[in-house]
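I've put the structures underneath this note.
One chain, chain A, links the two complexes that follow: it is found with chain B in the first and with chain C in the second.
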Partner chain A sequence: MIGASLPRPDAVGKVTGATAYPGDLVRAGMAHLAVVYAGRPHARIRHIDTSAARALPGVLAVLTAADVPFNRFGLIDADAPVLCDDVVRYVGDRVALVVADDPASARAATALVRVDYEDLPLVGDVHAALHPDAPLLHPHRPGNIVHRLQIRRGDPDRGFAEADIVLSETFRTSWQEHAFLQPEAGVAWVDDDGRIVVETAGQWLHEDRRQIAAMLRLPEDRVVVRYAAIGGAFGGREDLGVQHLLALAAWVCRRHVALVWRRDESMATRHKRHPFTIETRWGARRDGTITAVAARLLADGGAYASTSQEVVKIATLFATGCYEVANVALEGLALYTNNVPSGAFRGFGSPQAQFASESMVTRLARALGIDPVEMRRRNLYREGSIEPSGEPLPPGVSVRACLDAVVDELARQPQSAPPAGWRRGWGVACGIKNVGYSFGYPEQATATVELSGADVIERAVVRTGVADVGQGSHLAMRQIAAAALGLALGQVHLISDDSAATPDAGSASASRLTLVAGRAVHDAALAALARWHDEERPACATVQFRPRATTPLAAADGAGRPNYCYGYTAQALEVDVDPATGACRVVTIISAHDVGRAINRQQVEGQIEGALAQALGYALMEEFQMRDGQVRTAGFSTYLLPTALDMAPRIIPLILEHADDQGPFGARGMSEMPLVPFAPALAAAIHDATGAWLSRQPMTPERVRAAVRRATAGEEQP
Partner chain B sequence: MSTITVTVNGKAHTSTVEPRTLLVHYLREHLNLTGTHIGCDTSQCGACVVHVDGKSIKACTVLAVQVDGASVTTIEGLAPAGELHPLQEGFWECHGLQCGYCTPGMIMAAADLLQQNPNPSDDEVRHGLEGNLCRCTGYHNIVRAVQYAAAKMRGDEVTA
Partner chain C sequence: MIPAAFEYFAPGSVAEAIGLLEQHGDEAKLLAGGHSLLPALKLRLSQPGVLIDISRVAELHGIEAGDRLSIGAATTYAAIASDPAVLGGCAVLAECAGQIGDIQVRNRGTLGGALAHADPAADLPAVVLALDAAIAVQGPAGARSISADDMFVEMLTTALEPNEVVTRVTFPVLGAGEGASYAKLKHPASRYAIVGVAAYVRLHADGSVAAARVAVTGAGPRAERQHATESALVGSAGDAAAIAAAAELAGESMEYLGDIHASETYRRAMVKVYTRRALEQAVARARG
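Presenting the complex of A and B:
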């Protein structure tokens, strides 16, 4: 049962078209919503005139800020208005909501909502945000700072003085769009018990419920959130998208309402992966020992807080990658700008930070004439290593084993030549990413298991609010329960998509569900089994699992215990580069992951391959662009995603199983890890092939060609 | 308003549609065939692929009035009721899907591909599916799923 590649039960509906996604829930007779967006990055609203829109035939209502009982929402800091009242802070801000009999009337009416704006000065990027005279996006946040932290360990000055070599570089990364394939949609109504019901897609039923209840000033048990089939998420459904708009309209208008977003609405308004500017300096001794790291990380948080605070903490913690460094001086800053908000995206700050750190390790190795693998082995985290925050790592440090597995596999690779005129290179990188919530954020999952039958257990019903965003969490939960109970999979039923019928399992994020919710399911199953043996019929148990506690980082030096579990990875990429055009083709990917224990091997491999495609897109081609606060890539015609032809034809996933001490059957999370080392491994491969260093993501043909030219001209150091 | 007669999944439908109605909206909203998905509005993603007179097309790029008199097959009609087409079986067996949103379009595009080329190389499969985006799987298992179906349709032995 555990480790078996059981095929997914939900696949039948998905291959026949029977599965209902949120956009499939629209029924005749529902009222339709359309959103009036700001369309400008920073402006004061002088006046909103909805009379012409309301007069349009078919229009039922036009809602504005005055209609929202509590007009703020947000995952951590409720700083975003549901509908803007005084100021708009980015183009995708919502100003009004039209409710109409049909979608066409609703859309037509949005053009008739007249908003009188007074434009305000633009805060176009992090540098503008930091300017002493910069306008403040949120007046109570001095300096436009969402969050600032520093982490200090040892004596950085002495560490750099002891170094035989010191290298500095500035790395830049862009926004990345989640591009889950199903645009946001949903339906909502007020049921016969006076509860507001929202059916949609998200990543955390109970958090959606909390924010909707707060907005409507209702107790949480008056709000029901249900998830239909979820068409991908990747962190992109963590912030509220359409959920609260549906709830508001249904509540105010007392109608069944529906909202289906177009792709451009999804892309121009939802949060993205943070762009970072990372200035970093690394020192090492001739023998390869890294003696000091300094880094300053600036993240563009966009108009609202979203999860910026946590992302910048994670990025700063990983500014030294997965290497033990005695002397560190790290500063992280997330800033408000008039850009689209940045927030959660698979990897959550780690890919950006380790693009810089892994690149620096390779560059140091090259400068010192040491093999990059050897350089890593000398400095990698091992059991008991101290993190920059000053405490030992949680047990189960396996990055060295991941690297060794990759190197062994590499030695087995057949030699072949690149196409004529192209050059071939190999690049290696490692990675680390936390599993679960960090920095003292309350971490728990709760599950209820009920066993029924006559003489023997015939049926188990598991209740836990885990979102299956496509990763297969539902099957994993059932496999865990079936294994714990000794039942066949078909005897285990899972109830998971209704906030009123399930206990809170936390979010489908931070690679945490298998470990945290899986453990809750496992423990509840065993507790129910014990009651079954005590002759309880039916036997029922509810268990809350809480992993080892973490702590916030101290303000002065970042001291603390940031995480309870890490996932480790190493990768090698074989890349062909055309020096004339700068085009890169990834030929082979070797990707090693310590997953603790694979609950479903096929699904683990699927997560690796899928994350690798997103990593390849991120490293090579995906570049969400904004200029002067306007989105320039709001569709798939301008924002390029990897196709089947772009993806590497050879993928070799290596699955290591070093049991985690807290996960069910030893499992630990893994879904984000493949994204972490990819970009620096690609940069290393390009260097191996051409001698050129890239320090900017994505590594587009123009950038690669320019870097190759510079390297050929001998400007590149080292 | 225009009146059209279309055979969809073997059944004739006479409907009144607005001239600007896209085929994908006609299928989803008039006929309630929601297995044909919408993933973009710019004809890039391929989530909406159906067959018109046996050839695959993106249903967001044609008007309903353009298929007047034609025969349309959607994912719901690819296999007889209660049965799975070898491609549907392949996507299930080979874990060729995660969220599944791209899957109907992938399968319909692959069905056309296999009609034209019953014995494709992996590279030919990738070329054939270039117009279909998947954000979840990394395409590896999609290629395997298509090869599973190709082998099965040729009568070869199949392995998942």
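Presenting the complex of A and C:
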């Protein structure tokens, strides 16, 4: 059961089209919503005139800020208006909501909503946001700062003085679009008990419920959130998308309502992965010991807080990667701008930070004439290593084992030549990413297991609010319960998609569900089993699992115990580069992951391959672009995604199983980790092939060619 | 993404199509494969009141082989790319047509539509220029032939007069000592040419270059001959050094269009790289 590559029960329905995604829930007779967007990055609303829109035949209502009982929402800081009242802060801000009999009338009416704006000065990027005279996006947020932190350890000045070599570089990463298959959609109504019901896709039933209840000023038990099949998420459904708009319209109009976003709406308005500018300095001794790291990480948080605060904390914590460094001076800063908000995305700040840190380790190694693998081995985290925040790592530090596995596999690779005129190189990088919530945020998952039958257990019903965003969590939960109970998979039934019928399992994020919710299911199964043996019929138990506590980071120096579990990874990439055009082709990927215990091996490999595709896109081509607050890439003809033809022909996943002390059967999360080392491994491979260093992502042909030319010109200089 | 309303006609002959064009004037547009026109209609960049569908006019179809290849304007890229006469006598045309867009585009898009539309990133105009193809057109004033060099006037503008229809395009059949090639840097999503270079060479018996025609598409507002490159090559030995030197001259006097996928600077550099690649291939083929 545990480790078996059991096929996904949901696969056939998804492939044949039988499965209902949120857009499939729309029924005849429902009213349709359409959103009026700001379309401008920063402006004061002088007046909104909805009369022409309301007069259009078929239009039932046009909702504005005045219709929202509590007009703020947000995951951490409720700073985003549901419908803007005074100011719009990015092009995708919502100003009004049309409710009409049919989608065409709803859309047509959006054009008739007249908004009188007074444009305000634009805060176009982080540098503009930092300017002393910059306009404030949120008056109560001085300096346009969403969050600032510093982490200091040891004596950085002495660390740099002790170094034989000091290298500095500035790294830049771009926004990344989640590009899940299924754009936001859903339906909502008020049921016979007077509860507002929202059926949609999301990542956390109970958090969606909390925010909707707060918006409508209702007790939480008057709100029901249900998830249909979820067509991908990757962090992109953590912030509310259509959920609250549906709830508002159904509540105010007392109608069944539906909203299905177009791709361009989805892309232009939803949060993205944070673009970072990372200025960093690394010192090392001749023997390869890293003596000091300084870094300043600037993140464009966009118009609203979203999860910027947590992302910038994670990024800053990982500014030294997975290396033990005695002396560190790190500063992280997330800023408000008039760009699309930045928020959660698979990896949550780690890929950006470790593009810089891993690249610097490789550069130091090259500068010192040490093999980059050897350089890593000398500095890698070990059991008991101290994090920048000054505390020992949680037990189970396995990054060295991941690296060793990759190096062994590398040695077995066949030798082949690149196409004529191309150059081939190999690059290696490691990675670390937290599993679960960090920095003292309350972490828990709750599950209920009910066992029924006469003499023997015939059936187990597991209840836990786990969102299966496509990653296979539903099957994993059932495998865990079946294994704990000694039942066949078919005897285990899971109820997971209804906030009124399940206890809270927390979000499908931070690679946490298998460990936290899986452990809750496991423990609840064992507790129910004990009651079964005590002759309880049916035997029922509810267990809340809470992993080891974490703490916030101290304001002065960042001291604290940030995380309770880490996932570790290492990768090697074989890359061909055409120096004339700058085109790169990834030929081989070796990706090693300590997953603690693979609950379903096929699903683990699927997560590795899927994340690698997303990583390849992020590293080579995906570049969401804004200029002057306007989106330039709101479709897939301008926002480039990798296809099957772009993927490496050879992908070798290596699954290590060093049991975690908290996860069920030793499992720990892994779904974000393949994204972490990819870009720096790619940059290292490009350097190996051409001598060029890339410090900006994505590494487009144009940028690679320019870097190769700079490197070649450098060689020619005396 | 929904076009404005239009009237639809499907004439049975070119004469009938011309009659309809005259009758409806500026209101009317010819519809061939629809792979440029329909996107424009959907985005409402173009809102003709009348569409005249010539995709099923029999006389606009077919590939006639002889001393030269005569190809009907409504022939699709897929038909061209797989035609034995084209593959045998003018393989570069099949090479180019087979790289256009994706399968759907190749099954619908037509030779005449591509030339009449003159998209700056279209592939075929470069091959038409490099092979010195002749474009036969018919209009209210009768039939005439437009030479490749006169056809592409500026972005989305050709030498076609109002109400003229492209009927056929005539390509040479390449013989011994002749070679041609099309080299393309594709837009990763649409597969349009970011830079496309078509090269044709004819060699003397001693292997030196007797004639050369090189044309670039994609990089600028219109497909353009590269006269400096051609002159540098003619009379040379046609070896790697001569090709590299000639390719360095490509694109020097061109106007460029940059976008978020490729800047003007990058396109300028790629014109030289792809000119070299197209020429190397064309010469290799000419040597047989």
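Things worth noting here:
We take it that the second predicted complex is superposed on the first by the 714 of 718 C-alpha atoms of A that agree within 3 Å, B and C clash if a C-alpha of one lies under 4 Å from a C-alpha of the other, contacts with A are read in each partner's own complex, and residues count from 1 in each chain.
Methods note: contacts are C-beta pairs under 8 Å (C-beta built on N, C-alpha and C of every residue); 3 or more make two chains touch, one makes a residue touch a chain.
In this text, all values refer to a predicted model and were calculated from it rather than measured experimentally.
Superposition of the two structures on chain A leaves chain B and chain C fitting side by side, clash-free.
Residue contacts after overlaying the shared chain place A:Ala580 against chain C, while chain B stays out of touching range. By the touch criterion stated above, A:Trp204 is placed in contact with neither chain B nor chain C. Touch criterion not met for A:Tyr90: it reaches neither chain B nor chain C. Taking chain A as the reference chain, the count of touched residues is higher for B when chain B and chain C are set side by side.
Of the two partner chains, neither chain B nor chain C is touched by A:Trp532.
In the superposition on chain A, A:Tyr323 contacts neither chain B nor chain C.
Of the two partner chains placed by superposition, only chain B is touched by A:Thr19; chain C is not. By the document's definition of touching, both partners, chain B and chain C, reach A:Phe636. After overlaying the two complexes on the shared chain, residue contacts for A:Ile651 are found with chain B alone; chain C is out of touch.
In the superposed pair of complexes, A:Glu702 makes contact with chain C only, with no contact to chain B. Superposing the two structures on chain A brings chain B to within 6 Å of chain C, judged by their nearest Cα atoms.
The interface of chain A with chain B overlaps its interface with chain C at residues 636-637.
Residue ranges of chain A in contact with chain B, taken from their complex: 5, 7-8, 10-21, 23-24, 26, 178-183, 229-232, 234, 262-264, 469-472, 602-603, 605-606, 608-614, 635-637, 641, 643-645, 647, 649, 651. Against chain A, the residues of chain B that register as touching in their complex are 28-29, 33-42, 44-45, 47, 74-76, 79, 84, 87-89, 91-93, 95, 97-104, 107, 122-123, 125-127, 129-143. Interface residues of chain A facing chain C in the complex, by the touch rule stated above, are 580-581, 621, 625, 632-633, 636-638, 640, 701-702, 705. Chain C contributes residues 185, 188-190, 260-263, 266, 269-270, 273 to its touches with chain A in the complex.
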